[in-house]
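Labels run A, B and C following the written order; every chain starts at residue 1.
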Amino acid sequence: MADQRFFERHGPFTLQELAECSGAELPEGYDAQTTYEDVAAVDSANATQVSFLDNKKYVEAFKKTSAGACFVHPDMAQFAPEGTVCLTARNPYKAYALAAQKFYPDKILTQNDHAPTAVIHETAEIADNCLIEANVVIGANVKIGAACIIKACAVIDEAVEIGQSCVIGANATLSHCVLGDRVSIYPGVRIGQRGFGFAIDPAGFVSVPQLGRVIIEDDVEIGANTTIDRGAGPDTVIGAGTRLDNLVQIGHNVKMGKNCVMVAQSGIAGSTEIGDFVMIGGQSGIAGHISIGSGVRIAGQSGVMKSIPAGQKDYMGAPAVPLRQFMKQVATLGRMVREKKKKKS
Amino acid sequence: MADQRFFERHGPFTLQELAECSGAELPEGYDAQTTYEDVAAVDSANATQVSFLDNKKYVEAFKKTSAGACFVHPDMAQFAPEGTVCLTARNPYKAYALAAQKFYPDKILTQNDHAPTAVIHETAEIADNCLIEANVVIGANVKIGAACIIKACAVIDEAVEIGQSCVIGANATLSHCVLGDRVSIYPGVRIGQRGFGFAIDPAGFVSVPQLGRVIIEDDVEIGANTTIDRGAGPDTVIGAGTRLDNLVQIGHNVKMGKNCVMVAQSGIAGSTEIGDFVMIGGQSGIAGHISIGSGVRIAGQSGVMKSIPAGQKDYMGAPAVPLRQFMKQVATLGRMVREKKKKKS
Amino acid sequence: MADQRFFERHGPFTLQELAECSGAELPEGYDAQTTYEDVAAVDSANATQVSFLDNKKYVEAFKKTSAGACFVHPDMAQFAPEGTVCLTARNPYKAYALAAQKFYPDKILTQNDHAPTAVIHETAEIADNCLIEANVVIGANVKIGAACIIKACAVIDEAVEIGQSCVIGANATLSHCVLGDRVSIYPGVRIGQRGFGFAIDPAGFVSVPQLGRVIIEDDVEIGANTTIDRGAGPDTVIGAGTRLDNLVQIGHNVKMGKNCVMVAQSGIAGSTEIGDFVMIGGQSGIAGHISIGSGVRIAGQSGVMKSIPAGQKDYMGAPAVPLRQFMKQVATLGRMVREKKKKKS
């Protein structure tokens, strides 16, 4: 059960309500008015709680679960223990997410709440129902849409524009950027600082003015301590729905498409273009001035040095190659080490 | 000599005092009442200062040292120059650490000192002898134990619990977490934000509520700008005595054991379990949903994709293999490059 | 055109003024009094704007540019379309940088401007013409030179010394350090915290007091969320003119020379020495206690485990080897994978 000091639980909800909000199918032969009080992991849930099975690694735990109900793929329902009601869905993790959101909904902001210690420039325009926490600093000509939360000690520099229903994390820093609606910026994120642009000269480097912005489209999430530099002339763009994990680096002029995923500690060098639904594994690096087509998936710790066209699937390694080729490289090297051993003996 | 603007030195201390506080052996034939004024590196120490030899790379510097006294392993004492007194210990670096702590002890807090610009919620409970610096923000229902230091602009969000004698660095952000005693959080650390959890759906990603916490046990140190996400349902746990370096990433639901070490820029993906005394080199990545047994050591830049049982020692490479195998891979590849060259010529 | 909400443009400037400020050659047969209003990228510039060609990847775009004038290498001028005036220079990117600085110069500070909510200790000495933004915290005995900008929520801890014309980014944290002139610290940077130094002991780790400082020489730039630990006894030093990108890690006691470049997410472990004009690619790691000579260039994602003497050029791979050798390794492995396939068929 979630710690009630940190999380406020709603409910209980009936089987019918959970099926409706999640799009899962109500099982036959069960009372649709049975109520459930909470969500929980499959190995800790009890009879009053709802769980889910998504990753096949946890099938054994599912077979022994005490959960009262469980979101599962139709193919897996056969493994449910007696006493666990199966709410079946093609995407059980999504169904669970929607049910969990019902138990733990986001707070709805219904009034202005600006901390007296927030320093808000007189020219800033802040729409209704925003929560501005203590010691926030908001610069001249900033525009903030309705129902935003700006957490403590965040700094919103001059002329930044933020859409509706955004959350800006504590100690985050925004400058030279325009954010869409429902954008979520985690604590310590840095957006809009100068890109790494300078001319190399034996007498010392010469800074190139960085005259672009950062454009963050709707529904983007940006993880803690991630850094996104503003463009050198063109803008840096993060497409709608894209999610960046913690400690990610985005260089100047990068254009990312919609619904991309970048796992923690990965980075994209300057001026590279990324399509839609591109997945980039943790600690991977993408070189500058190349393009990665829509739908490409790059495994963790890869180093991508050349463009990859759309339609290609999985890449891995440094330098990155198609996944099958990477697997063969690993196998070949392993075989050679063994063969050398044999010759010796 | 340490810059007296930044460090307050105590002492001088006698040879006897230094032997006692450090557990080193007092050498025979020396006056135990001889005093020393400071600690210093082996290549810069003078006759009034105490140094140490730990890394064999510095034996040559040791042979020429002007240090008045030196902590060394008994086997190395033979290399000491005339005039340098050897304080011998099996772990000379530890002995040096304890002596240096005597010259430069942590400040002892003996009164409440809350900056007038700190914004402390009226429901927060702060025990005695805490130093709360300027512009700190402390939310509702926070509990802070005795003798803690909260540095400037740190943000402690609602209901966070902090034990005794902790230090929270400037501009750090804590939410949804519970800290033990003597925990040290460096500047810019992010603890307790939402984990990277969402269901992938063609219509857009669906966020999975992250309902766990972060539990930081006693004596943990967490380096600058490191990020630790809260659990999705279970908690994220950092075991007692563990030390994380700067810019480390810990995903949701990770469980780390006691006295682990993670060097800078390494990361652990979600739901992985780490035993006790595990060492993880810089820039290494550990995949999600696996387990690393106690005592395992992972070299820098490794990529660990499969579980490693306890008792195994050193791993390296991406994908990570036992160190000996990695070395053979490197040697084999080098040999093949050379052989190809020969054929050509 | 740069967004006028974020950037204030000067000009227009004549062809002659642009040639003079940039050191480029004025072309013959053109009116030196023709004026230009702005800078822009080669693929978006119009007849009133000045652009540049530096990276050969963009020659095709250059052939079709509508730019009124363009900084180019003399060898490339032949590809200019009719109507585009060529300002030729051996280093066209540098010439462009100087011209762009003329259109978008740094603000000149001509008076003291200390925000009323900045918390400045009474013993701090702040020279003339500094801009101290809201909620900044400046500790006891801090010294700040003339014409510095300290952005919102930055924390300058006790006794830190900052030279003239420095910029300290929002939410950055400085302690135990001394900065030269014209140093630029980006948002979220952490300088001067304790290094990762402790003695390993079965009973628990013992912290080694970190008694050194961080010395940042003139004209250094340090990217967002980068971390630089103070020395253990000796100082950590970043040489004049060096530029660090975002999310870089510098361990205790590291000495970097002048005019080095470190790309994002790279790191240097403790006590390593780096010469002058060393280039370190993104996500590379340099082991501790080694030395890298002047002029060495290390490609992205490399892992350098041994010292490299000055005069050597390019290194790549993990473990890093000379670039040619790395390329051969990649080619050899590829060949072996193909040969195995053939045998099978």
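We adopt the following convention: a contact is a pair of C-beta atoms (placed from the backbone, for glycine too) under 8 Å apart; a residue touches a chain by one contact, two chains touch by 3 or more.
What you are looking at is a predicted structure, and each value in this text was computed from that prediction instead of being measured.
Visitor: Rotation angle for the CA superposition of chain B on chain C, to the nearest 5°?
Guide: Rounded to 5 degrees, the superposing rotation is 120 degrees.
Visitor: Is the contact between chain A and chain C built from the same residue numbers on each copy (over half shared) or from different ones (under half shared)?
Guide: On the two sides of the chain C and chain A interface, the residue numbers are mostly different, under half being shared.
Visitor: Hey, how far is the Cα centre of chain A from the one of chain C, in Å?
Guide: The mean C-alpha positions of chain A and chain C differ by 28 Å.
Visitor: Hunt down the residues of chain B that sit against at least two other chains at once, touch-wise.
Guide: Each of 117, 135, 153, 171, 188, 225, 247, 265, 283, 318, 333, 336 in chain B touches at least two other chains.
Visitor: Touching residues of chain B toward chain A in the complex: what are they?
Guide: These residues of chain B touch chain A: 117, 119, 135, 137, 139, 141, 153, 155, 157-159, 171-173, 175-176, 188, 190, 193-194, 196, 198-201, 204-209, 211-213, 225, 227, 229, 232-234, 247, 249, 251, 265, 267, 269, 283, 285, 287, 289, 303, 318-319, 325, 328-329, 332-333, 335-336.
Visitor: Show me the residue ranges of chain C that touch chain A in the complex, using the header's touch definition.
Guide: Residues in contact with chain A: 2-3, 5-7, 39-41, 44, 55, 57, 91, 93-94, 96-98, 100-101, 103-104, 115, 117, 133-135, 151-153, 169-171, 186-188, 219, 221, 223-225, 241, 243, 245-247, 259, 261, 263-265, 282-283, 300-301, 318, 330, 333-334, 336-337, 340.
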